[in-house]
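Per-chain residue numbering starts at 1, and chain names A, B, C, D and E are given in the order in which the chains are listed.
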Amino acid sequence: MKDLSEESLSDENGGIKGIFEKGAGLGGRRRMQALWFGFFRGAALINGFALGLILFFMFSRGWQAISWEFLTQPPRDSMTAGGIFPCIIGTLGLALGAIAVALPIGVASAIYLNEYASSGKIMRIIRLGISNLAGVPSVVFGLFGLAFFCIILGMGVSLAAGALTLGAMTLPVIIGATEEALKSVPDTYREASLGLGATRWQTIWRVVLPSALPGILTGAILGISRAAGETAPIMFTAAVFFTPKIPSSIMDEVMALPYHIYVLATAGTSIEQTRPLQYGTALVLIALVLGMNLVAIIYRSKLRKKMR
Amino acid sequence: MAVLRNRTEKAIHWLFLGIATVSIGILVLIMFFLFHEGLPIFKTVTVQEFVLGHYWYPTDDPSDFGILPLIVASLFVTLLSAMISIPLGVMTAVYLSEIASRKVAEIVKPVVELLAALPSVVIGFFGMVLVGPFLQKTFGIPIGLNLFNASLMLAFMSVPTICSIAEDALYSVPDSLREASLALGATELETIVKVIVPAGLSGISTAIILGMSRAIGETMVVLMVAGGAAMLPGSIFDPVRPMPASIASEMAEAPFRGEHYHALFAIGIVLFLFTMAFNLVADQIAQRYRQSGEASL
Amino acid sequence: MEKKWKMQAKGLNFYYGNFQALYDIDLGFRERDVTALIGPSGCGKSTFLRCLNRMNDLIPISRVKGEVLLDDNNIYAPSVDVVRLRRKIGMVFQKPNPFPKTIFENVAYGLRVNGVRDKNIIAGQVEKSLRQAALWEEVKDRLHESALGMSGGQQQRLCIARALAVEPEVLLMDEPASALDPLATQKIEELIHELKRFYSIIIVTHNMQQAARVSDTTAFFYMGRIIEVDETDTIFTNPKNKQTEEYITGRFG
Amino acid sequence: MEKKWKMQAKGLNFYYGNFQALYDIDLGFRERDVTALIGPSGCGKSTFLRCLNRMNDLIPISRVKGEVLLDDNNIYAPSVDVVRLRRKIGMVFQKPNPFPKTIFENVAYGLRVNGVRDKNIIAGQVEKSLRQAALWEEVKDRLHESALGMSGGQQQRLCIARALAVEPEVLLMDEPASALDPLATQKIEELIHELKRFYSIIIVTHNMQQAARVSDTTAFFYMGRIIEVDETDTIFTNPKNKQTEEYITGRFG
Amino acid sequence: ERLSINGSTTVLPAAQKLAEAFMKVRPDVTVSVAGGGSGNGIKAIVDGTTHVGNSSRFIRNSEVRMAVEKDTYPVPFRIGLDCIVPVVHPDNPVKDLSLDQLRDMYTGKIRNWKEVGGRDMRVVVISRDSSSGTFESWGDLVMNKQRVVPSALTVPSNGGLVQAVTTTPGAIGYIALGYVNKDVKMVSVDGVMGSEENTISGRYPISRPLFMFTRGWPEGVTLDFINFVFSKKGQEEVKASGSIPVY
């Protein structure tokens, strides 16, 4: 028996009349495909390359700066020496504060949107509003925070004002993640629960939320990491150049990692001398943010596997 | 008992509705404050002078509040970054959803997500201390901090947005269309180009618009990398001062409710209107797409 | 007609937005009787079934006209407490859908949400329901393991036990065996035979033979209307309507 | 046995990862003959059908052992060009899946990707295929409207026309009428009758009566194996195997 | 207790050193220091968001007016002296520029270094952003109120300007004396080199005083700090930071 090769599948042999271009066509089509697939793969590679490049430079230039002292001491000598402890604390404070604001509001909003609201014009407007909120530039959040929290509410430049501003900015992230998590809870769970005489709230509390919890947590982690990495919203609302002690109340100003990088790199007293500190701070920030993201990504992919 | 239960249910419902309105309330508040703090500048200058004026000297006496150079700068960096990020983002999306094996996709996707997670200040820092000098050397240009550098950095920030939304769109193209095309003797490339991408086009457009919206609003990158010259650029290697950069660098010096302060909020309004327009367009496209999706049932 | 009507639909019309899914349905269900609803895909069987415990209330665009009586009370009357109603009318779905909880908690769920706190009562009721669902022997040693680890057939019987635990009066089943293999299907059918001693059962099925095997009465739906309803034997041996006959003999659907 | 074998599966085994979905399938398909594949859900009918045009190649974890011959050539031989092979073996799916393009472009698609540029040839071939699919009269005035605006039955016939346009030799159909209403189903069945004059047709169906009506040969699958294959009349009136009989009479599945 | 200091980047090195030294003698006080430019410092005084506002220029009339409207009376303390020096890239051969040449470069009239005796190379004008006191002094003392070309790169601080000049071969910039280091090359103005000596003697044409502002007459910790600034130890810190102390 002979193989079904190129020839035996050719047009003459297959009984198809002469409307198709003969054999020549396919080789070209294949070559075209190989070429383009090369481009597509290349595009994907560039992403990895970009990430790798940034991480490589930050790591190779920053790791020498990292030491126990760097992580646990305040800056000294006009910020040309010492550590970044207050920045780490400030950033953690801001991010946790932001999530403390955004998580309850975001989750409750998502529950309303997904479990209670009936579709309609009003819903459409609310949704549109939330998607627009997600699109508001971070610097505009900063303006808002400055005008509303710092000045109108009299909080001044403070941890509280910064956390609230970041919280407002994180809100759409939380709402989005929670909605996705709620949507992935099969409707049959809801119907089964309601069919047993549970109320809507009982259904949400006992069946829907427990199933959605991991997804919501993932969203929360991503929200924290986003808040931790933002600079523009805290520039006018929370962060200062230098304050060596740990904030004693939420009305205190704080130092923060992203802002610290920015000022050291653009407005420090001796930019060139403090380069290692800048790289070191950037590395700490990256480790913090990407670490959280990695946790969230791994957690989520585990979840997805379990769901299957 | 039933009455009590009903009342609790109602109360919970209203509570959640209340909280959901808070989320929208924030948007309303943002708009309110932007306009409230921004509009008074138009007592000093006309809208036309503001938007079309060529000179931005906010602290001179007499001062000039013309933001055309800032608007043009924002648009240019956005467009240039889009020219880099659209092909890169869409092609990566195609690769992830159509070409890569599951294993490879499982590695590449987190990479894209991590790229999205990199804080903007880190990207700005990278552009400032490494890319700038590199561009200076390779292109022999006088200034490393310029429109091109900023666009490049912005592109890396919007690629993940574009890629992940576009990938969703491609992924949601039903397998049945893929199979139908292959079963007719189309190659994979032909299937992608002629069937999958057209079918996912509205999702891809949404992705592109949202990516550009992210780029135009991004602050730290343009603040650190664009060079900060408030002029109309003559080449892609000229320094520029996009709107967010101006707001971020000048807000701290503008005394509360002085002219400069109002002018910066007014820039915020312009920026907000831009991103809002982008979002509305994206929403429109997504909406239309959903409707045609239903119609196909 | 020795048995009295447990439930009755009277002049029931149902709409999804502008699309009318049910037209003037008049259909009664007797006490301790099994009624099968058959008909081609999309004819409205599930929609009708879900009208009987007002599960369709959840669909925002839907609208009902007409009455459904449970023991002579209209369940669509404004004063009716839907939550209470649903407890009286158990429901089993096409695909087994146990909650991601333990076997025990799955069965106890309906009791808990209905305010039962006493541990002994709950434990007793769980055992009773699992026995009724012919599952007790298989799971009594792993009550506190996750229900998701069970086989499909076991899961479906668990869902039945879960529905029984709140002691409903009527049991609605929407293609309860269509996702199961022949053996599990057989078990479910036997179970229905058992349960019919205590409950009124209404079952939707695509499988004509199943309808013939388990039901006392069969109603044939077509395009949102009831075409024919009669004793199951009569329907399958001597249908009056031509469409019914064509459907039963597999001419279409 | 007047007609010769168009396709033959020989000792075909198929695996999804570790799960073996097909066991030692030996089955031949005659020229200009309709073969029906029947069997309960999950028995491997679709899997087998998709082995015949190597559509399963797309599933990364899948593995094939054995041979499938098309005109005595093994389609799984390494030198075979899958793209070309698929052009020779048309496929129609369970749900109508027209491309979101115009009616004309849907039918022309296969020609275009296969390198036909001449407008007249394309137009002629589109008309011919639509006529063969008994759709021409209904759509000739709206060829340039979107295919998504058609009814389900029309869409399915469009998909058939689309498959015919590239002049395949074999036509695979996986439950082509299961998403359609009785009238549309009837049209499709009539169409199969017509097409069988030119093509070898292999059709998967859940509907026993449909198998009986349209096919010359019927193969009964069960758990990945062929239990029985014979002339359709024989299978339905006088099956040799007990499982076949039970399935046909609706005892299970 | 907390004390916040905000403003001029010219004063920043001094303020930072003073803050650290002050916290040594008064461990009960937390001092926070922010930069950003003189405008930021004065604005913070006007808005009441800081205790001490640094500035490398005097307060403008409009700012005083605004402050008074808000019931604040800014009180200036002249804590030191500084001169502004033009700087170029270390590889640039140009050694001296006249005030007129500097002005023409900053208004965009001179675009190439060869016009002032340098290499054939484009002049990259680097300036400070509008919040800078140095920028304002430069405008008064060099520009004669003419505007800096819009194409000038703007940087937010003295340090940033050093950074920009270091990496840009064709750059011309201006910084406070305290920021001069080996990475940039000082250029003399009309033949006079910027230095402490030449500034005190008044020969160097571009010099200005440095201020710290308080909200009203200082009290409590703020007063203690201001007193510390004018103490011997405090003035030593000012000198150590590169600025010129008042005594």
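Assume contacts are C-beta pairs under 8 Å (C-beta built on N, C-alpha and C of every residue); 3 or more make two chains touch, one makes a residue touch a chain.
For reference, the UniProt names are A = Phosphate transport system permease protein PstA; B = Phosphate transport system permease protein; C, D = Phosphate ABC transporter ATP-binding protein.
Bear in mind the structure is a predicted one, so any value in this text is a computation, not a measurement.
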| item | value |
| --- | --- |
| Contact distance in steps, from chain A to chain C | 1 |
| Chain pair with the most C-beta contacts | A-B |
| Most remote chain, CA-based centroid, reference being chain B | C |
| Nearest-to-centre chain - CA centroid comparison | A |
| For chain A paired with chain D, centre-to-centre distance based on mean C-alpha positions, whole Å | 47 |
| Centroid spacing, where centroids are CA-atom means, of chain A and chain E in whole angstrom | 39 |
| Centre-to-centre distance between chain E and chain B (centres being mean Cα positions), rounded to whole Å | 36 |
| Rounded Å distance between chain D and chain E, as computed from the means of their C-alpha atoms | 82 |
| Sequence positions of chain C contacting 2 or more other chains | 83-84 |
| Contacts with two or more other chains, residues of chain A listed in rising order | 29, 199, 266 |
| Two or more partner chains touched - positions in chain E | 36, 155-156 |
| Touch list for chain E against partner chain A, complex | 2, 4, 6, 9, 12-13, 16-17, 19-20, 23, 30-36, 49, 155-160, 162-163, 166, 179, 181, 183, 241 |
| Chain E contact footprint on chain B (complex, rising order) | 54-61, 69, 132-133, 136, 142-145, 227-231, 238-239, 241, 249-250, 252-256, 258 |
| Chain D-facing residues of chain C, complex | 40, 42, 182, 185, 207-209, 249-253 |
| Chain D contact footprint on chain B (complex, rising order) | 101-102, 174, 176-187, 190, 194-195, 198-199, 292, 295-296 |
| Interfacial residue positions of chain E with respect to chain B in the complex | 36-37, 39-40, 42-43, 46-47, 60, 62-63, 66, 121-122, 124, 129-131, 147, 149-156, 164, 167-170 |
